[in-house]
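Structures are listed in the sections that come next.
What follows is chain A paired twice: with chain B in the first complex and chain C in the second.
Presenting the complex of A and B:
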């Protein structure tokens, strides 16, 4: 009874149980926090082109170009159960062919300890704003929303939508010249 | 080989009880302190490190059979004659 190995085993098992409990406490201490915050998004330059999408069908589809300003302070979102934030900017709009279109235009990872006060001016999008048809030209209501995933040490992976979205419209004419 | 056999590996029953209780107390205390400290500075890694230090401390203090766990050796009765085969052999010799 209770040889060296048995004692080692029981200590390790108990330490791991305590670790699991502490992790659960960490999860409980943050699960009810409110992670929403206000953002300020504006579009600066908006134009739409009608060009072949070689990555898909070679048919001519609408391709939106836009630059945006983004201002927000996410510092208070970080606590001991947040490893990093994954921000992404989504454009949401309706076309005759689709009730709901969602396109991710831009994203950013903010690690804990990095500067979380964002103030971007005239940012280019990271990803192409393709429509699967001709739904962008003269579209009256495109909504830009900033959302983020909170990557925790333990627990849920919440998907938070920031308050303060921005709606804009695309021009009625295609831009034909090279930008 | 004799050298290894001469190392004591066993605790007495009182010692086992003490060792288990001591290890539980050390690890639990480090867990509580780690949780409070980690919450105070909002770093869960510190909580884990403090618990790990508690684990190491408990391992050092309670895994090896230190002399403090071998103080209450059982008082075995001396072997009685006539009980076992060995003693019967010795009887024959007489």
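Presenting the complex of A and C:
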């Protein structure tokens, strides 16, 4: 005879294994997809200041200011195993003191079902562009790249770099006046 | 199956059978330990699976979600990755995203993190006077995601009585269950 407990136990175990199998199918059906796409980034206004960084060392560091245009369509990146895209705009550059610097200037969370057609004009950055020292003034090659981290319902967490980055240079003089 | 028959079962077991049950119980415990330690070797992380305990990465990760980590020393840290790190004076590791990174040519790297759901970076969470994280603070980097599964451990940690009840039931079941 089967008691209530035994019946409940087998129903629960069966339901869990079906759920696990379906989750695995969901993961395997999307793991090999290509999530890259093209973006269009431009900088509008670029200037650099030399001011004390009170959030860190309190020494005078280079602080970059920029506004940017961003245009891309990410609608086709969403499928049944994409819960959220975490977009971030990275500035990557080299200075004499650091071989590689990466600073996230702006980010955005897009949930599935939200508008994923982006067309921003003259956007301000969300985070301060502090350098670790004085490497921004007259820096000739700063590369802006948009990337996204895909958050699935269940599965891997890939970071994807968009094609179409933008390089710009900082002015040779500090801006001393207020903006 | 009521309590009397359960104890009848135990009484009817002879010494040999009882030892066999104890051994198979030990087998289960040791294979669980082997899987955990094996995962540590394969992933290079001291804690290859972590449960998200706070809402600071919402809406990507909620309380009770499970993360799979790797920590290969040759893989560089990059901006936008989700790292799990330990801070001196805090027992619980933190899961946050890398916001800024500076790498010198001898590949020493320092970086700053921020939770997606927090409005400021993590300098307030670090040890007093600590401005940056370095590679030795990293426990692992999030590679895989499974929702809800960690809820069981959160329940067990918040209600210790529930934990002991579950452990007692499992132990009794394994010791008394006869093939």
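Everything below uses one rule, namely that the second predicted complex is superposed on the first by the 178 of 179 C-alpha atoms of A that agree within 3 Å, B and C clash if a C-alpha of one lies under 4 Å from a C-alpha of the other, contacts with A are read in each partner's own complex, and residues count from 1 in each chain.
We adopt the following convention: a contact is a pair of C-beta atoms (placed from the backbone, for glycine too) under 8 Å apart; a residue touches a chain by one contact, two chains touch by 3 or more.
Note that the coordinates shown come from a computational prediction; the quantities given were computed from them, not determined experimentally.
J.: After the chain A overlay, clash or fit between chain B and chain C?
T.: Chain B/chain C on chain A - fit side by side.
J.: Once the shared chain is lined up, is A:151 touching chain B (first), chain C (second), both, or neither of them?
T.: A:151 contacts chain C only, not chain B.
J.: More residues of chain A in touch with chain C or with chain B?
T.: Here the partner covering more residues of chain A is C.
J.: Roughly what angle, nearest 10 degrees, sits at the C-alpha centre of chain A between those of chain B and chain C?
T.: 40
J.: Would you sort A:88 into first (chain B), second (chain C), both or neither based on which partner it touches?
T.: A:88: touches chain C, not chain B.
J.: In the overlay, answer first, second, both or neither for which of chain B and chain C A:26 touches.
T.: In the superposed model, A:26 contacts chain B only, not chain C.
J.: Check the residue A:79 against both partner chains and state whether it touches chain B (first), chain C (second), both, or neither.
T.: A:79 sits against chain B, while chain C stays out of touch.
J.: Which partner chains sit in contact with A:159 here, chain B, chain C, both or neither? Use first/second/both/neither.
T.: A:159 contacts chain C only, not chain B.
J.: Name the contact category of A:10: first (chain B only), second (chain C only), both, or neither.
T.: First partner only, chain B.
J.: Note down the smallest distance between any C-alpha of chain B and any C-alpha of chain C in the overlay, whole angstrom.
T.: Shortest inter-chain C-alpha distance (chain B to chain C): 11 Å.
J.: Output the chain A positions appearing in both contact lists, the one against chain B and the one against chain C.
T.: 3, 23, 153-154
J.: With touch defined as at the start, can you tell me which chain A residues reach chain B in the complex?
T.: Spelled out, the residues of chain A in touch with chain B are 1-4, 7-8, 10-12, 14-15, 18-19, 21-23, 25-26, 29, 78-81, 153-154.
J.: Enumerate the contact residues on chain C facing chain A in the complex.
T.: Listed in rising order, the residues are 1, 59-61, 78-82, 97, 99-105, 110, 116, 123, 131, 142-147.
J.: Which positions of chain B touch chain A when the two form their complex?
T.: 9-11, 16, 19-20, 23-24, 27-28, 31, 34-35, 38-39, 42-44, 47-48, 51-52, 54-55, 58-59, 62-65
J.: If we count contacts the way the header does, which residues on chain A are in touch with chain C in the complex?
T.: 3, 23, 55-57, 83-84, 86, 88, 90, 97-104, 107, 109, 111, 127, 130, 132, 147, 149, 151-157, 159
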